[in-house]
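Chain IDs A, B, C, D, E and F follow the sequence of writing; residue 1 opens each chain.
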Amino acid sequence: MSLIQVINPNTSAAMTETIGAAARAVAAPGTEIIAVCPRHGVPSIEGHFDEAIAAVGVLEQVALGKAQGVNGHVIACFGDPGLLAARELASGPVIGIAEAAMHTATLVATRFSIVTTLPRTLIIARHLLQQYGFTHHCAALHAIDLPVLALEDGSGIAQERVRQRCIQAKREDGSGAIVLGCGGMAALAQELTRELGMPVIDGVSAAVKMVESLVALGFGTSKQGDLDYPRQKPLSGPFQHLN
Amino acid sequence: MSLIQVINPNTSAAMTETIGAAARAVAAPGTEIIAVCPRHGVPSIEGHFDEAIAAVGVLEQVALGKAQGVNGHVIACFGDPGLLAARELASGPVIGIAEAAMHTATLVATRFSIVTTLPRTLIIARHLLQQYGFTHHCAALHAIDLPVLALEDGSGIAQERVRQRCIQAKREDGSGAIVLGCGGMAALAQELTRELGMPVIDGVSAAVKMVESLVALGFGTSKQGDLDYPRQKPLSGPFQHLN
Amino acid sequence: MSLIQVINPNTSAAMTETIGAAARAVAAPGTEIIAVCPRHGVPSIEGHFDEAIAAVGVLEQVALGKAQGVNGHVIACFGDPGLLAARELASGPVIGIAEAAMHTATLVATRFSIVTTLPRTLIIARHLLQQYGFTHHCAALHAIDLPVLALEDGSGIAQERVRQRCIQAKREDGSGAIVLGCGGMAALAQELTRELGMPVIDGVSAAVKMVESLVALGFGTSKQGDLDYPRQKPLSGPFQHLN
Amino acid sequence: MSLIQVINPNTSAAMTETIGAAARAVAAPGTEIIAVCPRHGVPSIEGHFDEAIAAVGVLEQVALGKAQGVNGHVIACFGDPGLLAARELASGPVIGIAEAAMHTATLVATRFSIVTTLPRTLIIARHLLQQYGFTHHCAALHAIDLPVLALEDGSGIAQERVRQRCIQAKREDGSGAIVLGCGGMAALAQELTRELGMPVIDGVSAAVKMVESLVALGFGTSKQGDLDYPRQKPLSGPFQHLN
Amino acid sequence: MSLIQVINPNTSAAMTETIGAAARAVAAPGTEIIAVCPRHGVPSIEGHFDEAIAAVGVLEQVALGKAQGVNGHVIACFGDPGLLAARELASGPVIGIAEAAMHTATLVATRFSIVTTLPRTLIIARHLLQQYGFTHHCAALHAIDLPVLALEDGSGIAQERVRQRCIQAKREDGSGAIVLGCGGMAALAQELTRELGMPVIDGVSAAVKMVESLVALGFGTSKQGDLDYPRQKPLSGPFQHLN
Amino acid sequence: MSLIQVINPNTSAAMTETIGAAARAVAAPGTEIIAVCPRHGVPSIEGHFDEAIAAVGVLEQVALGKAQGVNGHVIACFGDPGLLAARELASGPVIGIAEAAMHTATLVATRFSIVTTLPRTLIIARHLLQQYGFTHHCAALHAIDLPVLALEDGSGIAQERVRQRCIQAKREDGSGAIVLGCGGMAALAQELTRELGMPVIDGVSAAVKMVESLVALGFGTSKQGDLDYPRQKPLSGPFQHLN
């Protein structure tokens, strides 16, 4: 019996539900998914500022999850906000959905495309590609030019734009897989995979399987070296409950 | 119910058994492991020549596994011989153990060390690091300067050298995880992880979990683009049964 | 007349003073330095967790500085916490001290060494080198293995260790400049430059000159593209005053 | 008097002839060319699977050539299949035609374009660029979208498509040389060089000159370190004659 | 009181004036600008040959400037000809305008575009991007396809083409800043910055501020290691006055 | 009948002779070697300043060689001074000896070591490795810490130090070949290759074979694009005879 905490770093309840559902859809029989979001923060994440705010909420949730005894954590926003900080705090594994989707793509294709929301978030994806080592595995980056919450407005417009961009990516990029660049797109992956006849990868489900795998292998985040627990020190103000 | 074929690319029955055991030890309840090795080829793999020979045996086994209806394949030699060729041939996922161990290491630590057998195989690890994007995630490479089959001679000498090198790597490299650079070291990972207090990663078990995950996510190797099935053409001689 | 806000991202008043003094020592006649630190946060920054907490305080101070009409901002911690987030928030230039010191080093030498505090912070420096493009300009990284606040304990032990490491770096690394890897080392740069006969660079003073230069050139942070102001959205809880 | 073995890794007699002719056209007075192909294998090479099969045939031929006393070997397929394995086996130099063409291009131009056959082979070229160090020297890759053997069908259609793509590359890529990405294009290089007024490089002829040069300099493949002869071990089945 | 020598590496008096004016426009109150050009050399610099000639003139001027007691030097041609040689000769800082503009761009935007003169000079910019570490920070390179001296012909045609290319770069490249790739474009930066609403960076003014900053920080070129003064040796012919 | 001009970029007659002899020792029967050095310049090249001076002499000699009708040029100093400028000026091929030795090393070994003269020249080798794409192919760089002309003082001390460093490199670096980092070491390569039992590569001889090869293939320097002839313009003073 394994508990995985899936953290939506923004405060949107609808998106937390979308993400939780995607996580549960692939969870192994013995896995229970706890989908949470920060109590306070930003309703959607579309830039470095939003990420910096969200990271604190992610850490708060990781601390809560740890207290609850969860076995691992997923950070369900495509910029993987607070990932290395969360790894310091956690004893179990912590996986970001951009990380999960990118790693997964390199296992089933030689190069992949990314389809994300606003153009201003592309730089975040570029920096992650570089940090994770996948710059040369990414054939192209696309933005549908709609904000994150358009995926939750019920109109289906954003979903259709994602679909169109995936079709375009298949036609033009010469890549073998597509990575969906937002936790809010999680529900689209399976249908697009079928329609396009190629892997269209949602990071939420990919990350759940990675956490399950690491737990099964007996690996938490390494406490040898630079991801060791944060050094004890008095935190003040709104942060004092975090250490 | 899922069938995973674990292919030991060399012809050593003892090593095939070691690898099969490591795979079974982590397989999920619903997973059955089929551990095989080529009928013909090299008894151990310690260079590019050995790898080229072994790759044909790997392909043969992938073809057989596919005919048997396995859901995915593991190539259980640290050089990942024939990986991209096997991906073309297979419809399910194919994972190499160097690939699996390296990916896994980057998920639990910022940088890792590698401990392998003969110095002449280090270049193979270096090339894989570059191809997978992890050159900058590898803090150091170590060789115990013993051939692969020393791991199967029953004396325990090679195992002790691996242990010593892991201890040295922990002390000197500043890395947070250690990757074991040979399928024949699979049995050592768990004990060394405990003794060193840091993740010591065996690629065989890591690869099994990756294949399970990809199967659960519904992903095989992408047939869109450059990993599509090999183009039909008449193969001759000892290769004619392969296409 | 130009106002530069120098933000110490930790909450140590002593270090804020050290940093403010270093900034004032090089400020041009027409520049006024405002040295601040967050109201709440961490007393010292020695890892990703500390950085994530500190980043919120940095943003708070940037917002305050902007309201005060400052012309530019310096983030005076060697990990440059919150740098891109702060650039989104600010209209003027924002410079991190790691960034400033590294850029400066490449202008006076072909390769440089870094001397910092705890080994666990080396990975932060490595990631910044990669992000800024200077991986190949850094000859070696050194850690004195003492926490940040040892620089403020009045004993002089940490300072002497910095000095010894700089001497070692000069002897062994083949580099032409040394970058001091902590805002708390700002007071040492001038004396070490003299003693070693080579540039020993403190990022605080370097960053002040960069902000002055950008202001004189008429450049703030570009609002074209991905560093545009954060999209307006309701922030909740302790963050609501930030947008 | 020098003997160079030019190995066409596929089993097409027509292509072996094309390649042999290209080799002889540039061979120095004292050089004799022996053009061979494997007895068994694939009739054309258009992917990793084909390459893995072909590599065994290459090794077989290298062993035969060595027994015959040849002074060096050329692997005349643009993916350089089996190159490092062949270097282990050989005592003389071994040069791949992709390697030869890419090296040559960097000596006469700052950046080059590649024109090859099927799009699925582009990834092989990309990986070679990375391994050889020339990723940043390649301005663009083009595929004519015809299989390799179309170059041998006598219609001239493939040849005309190569020509059109070269003209396009000259117009659009800003590169100073074009590399032909298939041994079967060897006959086109000279005429296209004349027509386009820029170096259009065939790897077969370039490789022959490289082998001649290495032989003249007294260099074989280094047996110091990781390209040393394969370790003696009993090979079984169709491979037993190889060691 | 600080003296900065701004060296136009070509022999065009008109361009020396343009450059001198740009330098003076941003010089701090206490800075005096001395704008010079070589006595002999090339009237404009549009390739490596021109650069090699110009480098000698640059060194001659650096030697003269040093004799005059200047505090630092700017090399005001976008290829930064003779930069490292000049650093050996000088005791004060030496800054190239490509270097200055590229560094500055990375401080105000995540990625930048370059707009330069002739296409043949693009390779020089590419090599500098690589040497300075900014390959991944450059989104695109543009050439107006007019020679350098078209900027001095009084017709305004070249200036209009620069403007058009900057507008195109803003629309298409997704970058946050534009770097002007020629000292002769210095006069355009301020107006284009205003018109485009994004930083359009002239390297001359940026370099002046960098030299001022380094002088204020007390840094000259490091004489520790590989930028030490040239070893004394008898120079002959037209070079004998240089050492 | 082919004429190759071997240009020693320094003015040392003794070294010109050493280099000419090394070139003649490997020249093909039909090749005539013309060994020259600039009339004026530096007696040895040990830094960027020396290189900048030497580059003008190289260009002068290239122009003279071209007037004489030589078929190709070698720049026989390990920093390859003026290489791209010379390529613009020349119609035939131009090869630098660092370039030649590095390329050659990658053809016979997976990684190589460099042994050069003064430590201050190491940065030049590093920059060339980066420009040519071989950074990851170089295992280590060594300097014997003696000036270039020590190789011509008749004592044999420098030669013995080169030998010792080569032996050390073989023992410690794990590389398969050694590149000699100075034209003045040309006479040592053959003997060291024999003694060490691994390729010890002199760039002069390697470059001669490369020029011969390019000439035989019918390739000069590409005049398409950025290595086209320098644009005609009035050169003044000591440079006026160069265009």
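Things to note:
Heads up, the rule we're going with is that a contact is a pair of C-beta atoms (placed from the backbone, for glycine too) under 8 Å apart; a residue touches a chain by one contact, two chains touch by 3 or more.
All figures in this text were calculated on a predicted structure; none of them were measured in a lab.
Comparing mean CA positions across the assembly, the chain most remote from subunit C is D. Centre-to-centre spacing of subunit A and subunit B amounts to 27 Å, using the average Cα coordinate of each chain.
Separating the centre of subunit A from that of subunit F, both taken as means of CA atoms, is a distance of 52 Å.
For the pair subunit C and subunit F, the distance between mean C-alpha positions equals 44 Å. Of all residues in subunit A, those that touch two or more other chains are 84, 110, 119, 122-123, 130, 135-136, 174, 225-227. Under the stated contact rule, the graph of chain-to-chain touches falls outside the line, ring, star and complete shapes. Inter-chain contacts occur between A-B, A-C, A-D, A-E, B-C, B-D, B-F, C-E, C-F, D-E, D-F, E-F.
By the touch criterion stated above, subunit A contacts subunit B in their complex at residues 26, 28-29, 84, 93, 95, 99, 103-104, 106-110, 132-137, 170, 174-177, 190, 193, 196-199, 201, 205-206, 209-210, 212-214, 216-227. Of all the residues in subunit F, the ones that touch subunit C in their complex are 119, 122-123, 126, 130, 135. Taken together, the subunit D residues at the contact with subunit B in this complex read 11, 39-44, 46-53, 55-56, 59, 82, 84-85, 87-89, 119-123, 127, 130-131, 147, 225-226, 228, 230-231, 233-239, 242. Those residues of subunit E lying in contact with subunit A across their complex are 110-111, 136, 174.
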